[in-house]
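My structure is below; once you've seen it, I'll send some questions.
Labels run A, B and C following the written order; every chain starts at residue 1.
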Amino acid sequence: MYGGGNVFEATKFDNLQTEDPAKLAEFEARIARGEKIEPNDWMPELYRKQLIRMIEQHAHSEIIGALPEGTWITRAPGFRRKMAQMAKVQDEVGHAQLLYSAAETLGKTREQMLTDLINGKSKYSNVFNYPAFTWADSNIISWLIDAGAIVNQMANAKGSYGPYSRALERICAEEAFHLKYGHDAVVHMATGTPKQREMIQAALNRWWPPIMTFFGPSDKMSTHTETLMRWKVKMASNDECRQQFLDMYVPKIWELGLTVPDPKLKKNMETGQWEYTEPDWDEFKRVINGDGPCNAERLAVRRTAEERGAWVRRALLNPKAKYVKPLA
Amino acid sequence: MNELAIKDLLYKLADDQLILGHRNSEWTGFGPILEEDIAFSSMAQDKIGHSLAFYTLLQELGEADPDTVAFTRNANQFHNSQLVELPNGEYDFSLIRHFLYDNAEIIRFEMLSQSSYEPIAKVATKLKGEVKYHVLHANTWIKNLGTSTEEAILRLQASLNEAIPYALGMFEPSQYEQELIEAGVYAGEEAVKVEWLKRIQAVIEKTDLKLPDLNTIEPKFGGRHGEHTEHLQPLLDEMAEVFKIDPTAEW
Amino acid sequence: MKVIYLQQLLTQLKLLTNITMLKSLDPRVTRLNLPEGEMPPAEPKQELDQFETYEAFHQKKEGTAHTYVGPVHAPNEDVAFLFAKEQYSRRFPCVGLWIVRTENIMVTPYAGDQENVYDLMRLEEPAERSEQPEPYEIFHLKKRGKAHTHTGRVMATSYQEALHEARTQFGEKGPIVNVWVVKSKHVLQSAEEDKDMWTTIPEKKYREAIAYKVMDKITKYKEENKTTA
């Protein structure tokens, strides 16, 4: 479950002039032909760094993303929901495992990535810093956050890095269940008792503003972004993703008679674009930088899981074993 | 066949699986290794699935539907052993419980797949393969950690000592014991226990752990007829929190 | 000797010092007994949990080739099997699983999508040979971004000879981007009698999209609200 957003900042590796021109040309030609890059290929430092950063943030978003919905794992009502909620949260942990593995092929160890997460050195998707107050919040997350993630991930699956594409293919297949499950739960609430309907509308009201920030602010076009698009690291602009999401899901929300808490939200029939109230990007920045309702708890929980599990890892560590990064 | 005896058996199977599945699901997202987090969650899901299969058999015998049975009874109406309701503690305790419990569960499934009572035999035959993985998982972990660091061995040993009286409580005989044995439903709790002891000893012998002298231990009985620790009711309240907002609603 | 659990310790600490504990919306988190507010910075940790990696290959159906699914971190191959089974075969049909330690896989260079890597390689003299030929498993990658698939088994006395044999036996047809060579003895294969661990997977519909159908409810809702509106 990941929407991008805060990823494509410039790094000090931006300077391509230090790269070998012949190798760079070969690398770019391969991507232009539509071939994937595999871990052992030569690649520019900028490509490697940006991918590590992006895949790592994606992985963190999965492992932290397991927590808001995990809030309701012991309280899911009825067998059908109980088992599905467990499987859904489990999948998020599974996705983290797949993505950390993909990032590892680029040369950063999983251990280092987890350490950076716990120490607040690397980011994850901002929406997971918001709380899931009721069971209905968990349903909205399952449906709409996963829907947003699928928009983003389907685009990224077409990117140029082989291991990331492979992981995303598997992830998208699993997310199809999340989306349907989330929709199913929301429909049951929206067409259920007055109490259920009230719960789901309240949850939608709480989650709509974070959802609108899920894809990040409008991209600033720069040569940097152009390079990353040419290299098929960045596959779609944040606004394109947001528009696609609104196109696909606002009608599905409206057909349930639910209200989207944005009076400006409408599709402009002339431009074909959705118009909406500009999200509060100041709040977005504040929350990303640590000052959200659940940042401290999310990291504390992740850290506690690591610390209390350390004895297990310590016990089984084979001192003679040599770490080799995964192959693909 | 006495239907009450069959129902009693089904309730204890189903309640054990439900409560332990629920407890184990608490680990999802908090596990010590990402891959283990995933494996433990799968097994928790399997257990909830098994309980659903047994509650469904109960429904066919005239009991209420599985959701009502699972989400609206009080602790004193539950037939699970006390072992499964205890809080998770740290991972050592959860692993030891998993080991003690699933080594008994696989024996029940093996016996029940040969049962004269066909509906149970069918379910047990179908689901046996899942429990087989659970046992493989438990035994592999105990063998690995039980021969590792002093820290891990001490932890596991302490958890084993703590869990063993409750584990013996799993084999509390029911009032229908003789009937079930004579009708060929399964070989009964004493037989399960004898076989269980053989199997857990075989694993423990390969480790630095010591099985406490079972003759000196008083089994924690009571769970099978509704006597539970103080931990079960809060678990049930939590599990049913949303369901009880409106038990007639479709969630 | 007695082990004092961190949790008990924290609870005692809480009683003694009156530290407020984190009350979360998630009852599981509340039970972790975490102190309220910021935690102190994490201790820099030693490299303590970097397990080896193992690569997993699954078999979807009887008679089909094993295909690469991804890596797991594990302390040994038995645990790697436990992990891979749930990470890579909990969702889709599966009848078998192979596990290989990453270190034991010999990898050729990568060719382009239209090329055959066997044509681009000059096979070096092996550094070591076994006295007797032994079996090796060969995996081909047909297209970049796809997964390596088991192509067959050859007998050889070294990785190089195995690759040479693989070229003769399977290397003629079409583009082959990359080859993995593994000694058969390094492959942990799930046992024939363990197949029943996977038999119920197709029945676990609750984790498949297909189990969730709500069109009827939506249609009904729309109709009811049309008439009342």
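Note that a contact is a pair of C-beta atoms (placed from the backbone, for glycine too) under 8 Å apart; a residue touches a chain by one contact, two chains touch by 3 or more.
Here the structure is a predicted model, which is why all the values come from computation and not from measurement.
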Query raised in the report: Which one of the chains is closest to the middle, using the mean of its C-alpha atoms?
Result: C
Report summary line: With centres defined as the mean of Cα atoms, the chain at greatest distance from chain C is chain B
Query - B-C or A-C - the one linked by more C-beta pairs in contact - result: A-C
Query raised in the report: Where the centres are mean C-alpha positions, what is the separation of chain A from chain B, in Å?
Result: 37
**Report entry** Length of the line joining the C-alpha centres of chain A and chain C, rounded to whole Å
**Finding:** 21
Query raised in the report: Roughly how far is chain B from chain C, going centre to centre by Cα mean, in whole Å?
Result: 28
Report summary line: Note: chain B residues in touch with at least two other chains are 26, 30, 33-36, 38, 41-42, 45, 49, 90, 144, 155, 238
Query - Two or more partner chains touched - positions in chain A - result: 67, 70, 72-75, 83, 87, 94, 97, 110, 188, 301, 304, 308, 310, 313-314, 316
Report task. Mark out which residues of chain C touch at least two other chains, giving numbers and ranges. Result -> 6, 27-28, 32, 49, 51, 72-73, 75-76, 79, 87, 207
Query - Footprint of chain C on chain A - complex, ascending - result: 30, 33, 35-38, 40-41, 67, 70-75, 80, 83-84, 87-88, 91, 94, 97-98, 101, 104, 109-111, 115, 118-119, 131-133, 162, 165-167, 170, 173-174, 176-177, 179-181, 183-184, 187-188, 190-191, 255-257, 296-297, 299-301, 303-304, 307-308, 310, 313-314, 316-318, 321-328
Query - Residues of chain C defined as touching chain B within the complex - result: 1-3, 5-7, 27-28, 31-32, 49, 51, 72-76, 78-79, 82-87, 90, 194-200, 204, 207
Query - Residue numbers on chain B that touch chain A, as the complex places them - result: 22, 25-26, 28-38, 41-42, 44-45, 48-49, 52, 66-67, 70-71, 90-91, 144-145, 148-149, 151-152, 155, 238-243, 245-246, 249-251
Query raised in the report: Tell me, which parts of chain C touch chain A in their complex?
Result: 6, 22, 24-29, 32, 34, 37-39, 41-42, 45, 47-53, 55, 68-73, 75-76, 79, 87, 91-92, 102-103, 105, 107, 109-110, 112-113, 144-148, 177-178, 180, 206-214, 217-218, 220-222, 225
**Report entry** chain B-facing residues of chain A, complex
**Finding:** 63, 66-67, 70, 72-79, 81-83, 86-87, 89-90, 92-94, 96-97, 100, 110, 135, 185, 188-189, 192-193, 195-196, 301, 304-305, 308-316
